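If you scroll down you'll find the structure; I have some questions about it.
Letters A, B and C name the chains as they come in the text, with residue numbers starting at 1 for each one.
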Amino acid sequence: MATTSSPSVPDTVTDDQGGRQRRRVGFSQKLGRLDVKLSPYLYISPFFILFAIVGLFPLLYTAWVALHQWSLLDGEGGWVGLENFKHVLTQQYFWTGLRNTISIFLLSSVPQIIIALIIAAILDANLRARTFWRMGVLVPYVVAPVAVALIFRQLFGDPTGWVNEVLSWVNLGPVRWGSAVLPSHIAIATMVNFRWTGYNTLIFLAAMQAIPRDLYEAAIIDGASRVRQFFSVTIPMVRPTMIFVIITSTIGGLQIFDEPRLYSQTGDGGADRQWMTVTMYIQELGWRNQNFGRAAAVAWLLFIVILIIGLINFAFTRRISSERTKAPKRKKVRA
Amino acid sequence: MRKTTRKSWAVAAGVAGIALLATACSSGNGGGSSSETKTANPDEKVTLKIQTFNEFGYKDLYTEYMKLHPNVTIVDDKADKSDTARANVETAISTGTVTEDIVAADVDWMPELIDHSDFFADLGSIGASRWPDWKAKQATDSSGKLIGAGTDSGPEAICYRKDLFQKAGLPTDRDKVAALLGSWDEYFATGEQFMNSPAGKAGAAWFDSIGALSQGMINQLEAPFEDPSSGKITVLDANSPAKAVYDQLTSDKVLKQSAHLGQWTDPWTKAFTNDTKGAWATQLCPPWMTQIIAGNAPDQKNWDVAPVLPGGASNWGGSFLLVPKDGKHVQAATDLANWLTDPAQQAKVFVQYGNFPSAVAATTDATVTAKTDTYFGGAPTGKIFSDRFAAVAHQPFRGAHYFPINDALGKAYTRVDVDKTDNAANSWQKFETDVKNLS
Amino acid sequence: MSAPSVPAIEQMAGKGAARAAARKRHIEGGSRRPGWITYVLLAAVLVVSFYPLYYTFLLSSSTSQNIARHPIPSLIPEGHFFDNIKRVFDSVDFWGATWNSVVVATITSVSVVLFSTLAGFAFAKLRFRGRGPLLIFVIATTAVPTQLGVIPLFLVMKNLHWIDTLQAVIVPGLVTAFGVFWMTQYLESALPYELIEAARVDGASMFRTFWNIALPAARPAATMLGLFTFVQSWTNFFWPSIVLRSSHATLPVALSLLQATYFKDLSLIMAGVVLSIIPLLVLFIIAGRQLVAGIMGGAVMG
């Protein structure tokens, strides 16, 4: 998924495995082959070792649990095969959770990325007091999600919170932020956007700073307006970063938990599951109902959903990146 | 030679994580499950970790106990909410870990712990006779082993707003109010009268939400959700008493009297400061609720307490202290739990914090019965709750599914009353689905 | 166009040089200063960013009673801020929890930066069998829902005897898939092969190449990753609240105790929120200037 294809890769490094190997060995004759061969594995090993300890075991353990009747307190209660999956998939709640998750995800990610791009483009200009503005947009990011939720719960109070009070000034009736489906999703998405827009802005800004300025100069000579420059220079040039942001925010967005859980005092996603996300459903099955087997099944289903959406992203972004890169043999890390 | 050095650098960097794992391994102390000596040696240095939640009012008692027992250090591992405490305890049980020497548990999820009573030490040595039968029963497993020492209790009264009662032309005197609200039928009839009065017309409601009333009414049933002998879920049966309560509460007549504010939500908390519009006149009131009312609306001087619960005395809430059997200092922990739930200490907590005792001797203690509450118009809250406590005869049967069923039922009420997303019949159907999914 | 174009420099001297040239141009080029509309827009963005924080401060200087009465507080704070702060200090071991958070966040961010850069270097610039699939695997691991891991991870921690110790929070975060992905992405484009080859020709070992070439080149992205990780760790609540007990908890877990009363005192809770933000804000103000300058000094992920 490393989608960057730097246009400047020297020809000496090709994608051809054998050739490269030979070459590397060639110029590093004084060094041991082992260094060359083993170092990469050594360097990536911390991640894999740690994953083996704190990631892999839970993953396999849950897979095992998902195939059993398994109560949180009583433990294993016999092999049931795919029964937990079947049960969960025929339940409306899983789908309600998925609907809420995707809705909140779209309501947050899409505006967030667009707004972040625009703000970044503005910040990329030759501003006075640049550092001040740049730091300013990142400020919301330092506020913990728990605190953000507390703050926005007050703002979106139902029926007489800050937002409804302001809406009443323009004669708009109180919106039922705390009980209607879409308003609650909007309120939660607002929390997410508040915290993450600045973060994404900074990432985009960093990418924009790396765009060679003569591209803009050339565009200006061609008579392109600022808007035109944004679409024909900035956007294509930050595409790899966009892809990174989209992938990470997809994965994070589909696992959204803190914000919807803290949106209400009870933390259950609403009496009618108006804003219960899939991760909250996992929590409910496992902890409230103590059905660890079904909770594990839902967790695995969510994992699969994220992987599928991730793969779609991946296929999509690969196409974009190969379209962009005309020169062959530029791909370096491909799967 | 140089190469080796470099290589070892790389190795060092690459496996620093493992090194950290290894070194840290030896320094850990949590989760130890070795049971050392089982007698409390008065000279042995002992650290006891105790996890409570909300406010048990133990801060000063810890200091006092450590003064009395210089060898004991108490670590206060308070959790914020009952839910957090429940998750912590149940994670500990499901993974067989002992993280605390004493854990507190709420009566609503006690049944789940009773199902795993072998995880906890027998507290029989304290003596179940300290508590009334119904309280001891909530902490006793099927074999008669007492695993929890009762801390507080929640004998229910009715809190009411004198100003709103007056506006509605209702009596404001405690005993007269009590006489007015003897049964639920009388309660709702008075509510209807209230809603038609100037107070009701000005936007005041009779109670906060039907979910809140349900708590009181469910607690008056013998076996609301499950069959006491088999543990089978009965709440969906045709003649289920809980369904009868549901039908009554979701009737139009009753719904009209509601302020439609879900208990514990932010709007509910804030609404206590309302004068008439958006306020409500009566509140089901265990002693701990009086603290909440006073805390939510310190300037509101019109609340009072009537010594009555429609339909007969009952109890709402209350907690226990439990000692995990595989803890390092079971005896010392038992001693502490014994001391903390001793009538003398329970009385002190009530006087200082308002958590009402559950030990019989404490409820009749002079310092308890003498307590009055200026916030509630100088009401003799000690005496009132002491009488309400004495009148509690039994408590409903709570089986292993009590907690999730009660939670789902609460949601069913919220859908009809607060969120208004469903009518009564639809909401009950969703509740049925929830309950069926439990098995 | 008297100076050679950037692509031309790239052809001749490689990407690093091209980038330096581009940067130089950026500074010298002195593109037009944007008009006042831009500043108005930015000011609006900052108001949206800051108002919720200021609102928090307003609530923390009020009383729960007044908060309930006035949904929109006046812009002038009431005088109860220090009372509320004092009450936070009375009910929570603030300094202990802050210290724990500092320890956790510092170790985690240093470690994440180091290990992620190391792995990112390998994934971006070194050839080895299985590289592609392994990278995909790394990214795929971020798709594992964390709620799922609670019980088994708790079991792991129990067997390591780490329950209620800071290691239980630190170790799972020592290196993250996000960090590896981030650094790989960055080094792909920011680290020219020529530099690596030059170092290798000079006889530098792999690790020396990493240390002397890749690490400095990675600095801008590493700074950002460090900041992100620090904030992430500082604000982390879910797992710490499960594995740590309140007597030695991190800041968010300790502050959750402010809600451990029968009635909810918003002014007190908000005072806790303010206190939890202040340390990060201070760090941010001290380090932020350099940080932003550092980020912008180098290019990130072109």
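In this text, a residue touches a chain if its C-beta (ideal position, glycine included) is under 8 Å from a C-beta of that chain, and two chains touch if they have at least 3 such contacts.
Since we're looking at a predicted model, the values are computed, not measured.
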Identity of the chain that, by mean CA position, is farthest from chain A: B
Which of A-B and B-C has more C-beta pairs touching across its chains: B-C
CA centroid of chain A to CA centroid of chain C, Å: 15
Rounded Å distance, chain B centre to chain C centre (Cα mean): 39
Residues of chain C touching at least two other chains: 67, 115, 118, 150-151, 155, 171, 174-175, 205-207, 256
Junction residues of chain A - those touching two or more other chains: 31, 35, 39, 43, 46, 50, 53, 72, 154, 157, 160, 292
In chain B, residues with contacts to at least two other chains: 3, 6-7, 10, 14, 16-17, 21, 87, 94, 266, 270
Chain A contact footprint on chain B (complex, rising order): 3, 6-7, 10-11, 14-18, 21, 83, 86-87, 90, 93-94, 112, 115-116, 262, 264-267, 270, 403-404, 407, 410-412, 414-415, 418-422, 430, 433, 437-438
Touching residues (chain side chain C, partner chain B) in the complex: 64-65, 67-69, 111, 114-115, 118, 150-151, 154-155, 157-158, 160-165, 167-168, 171, 174-175, 205-208, 241-242, 245-247, 256-265
Chain A - residues contacting chain B, complex: 31-32, 34-35, 39, 42-43, 45-46, 49-50, 53, 72-75, 91-92, 153-154, 157-160, 176, 178-179, 264-268, 270-272, 274, 287-292
Parts of chain A lying in touch with chain C, wherever the complex brings them together: 1-4, 6-10, 12-13, 17, 20-21, 24, 27-28, 30-31, 35-37, 39-41, 43-44, 46-48, 50-51, 53-55, 57-59, 61-62, 72, 119, 122-123, 125-128, 131, 133-148, 150-152, 154-155, 157, 160-162, 164-166, 194, 198-199, 202-203, 205-207, 209-214, 216-217, 237, 240-241, 244, 247-248, 251, 255, 257-258, 278-279, 282-283, 286, 292, 295-296, 299-300, 302-303, 306-307, 310, 332-335
Footprint of chain A on chain C - complex, ascending: 5-7, 10, 14-15, 18-19, 22, 25-26, 29-34, 38-39, 41-42, 45-46, 48-50, 52-53, 55-56, 59, 67, 71-72, 115-116, 118-119, 121-124, 126-128, 131-136, 138-153, 155-156, 171-172, 174-175, 177-178, 180-182, 184-185, 188-189, 192-194, 197, 200-201, 203, 205-207, 210, 220-221, 224, 228, 231, 234-235, 237-238, 252, 255-256, 266, 269-270, 273, 276-277, 280-281, 284-285, 288-289, 292-293, 295-296, 299-302
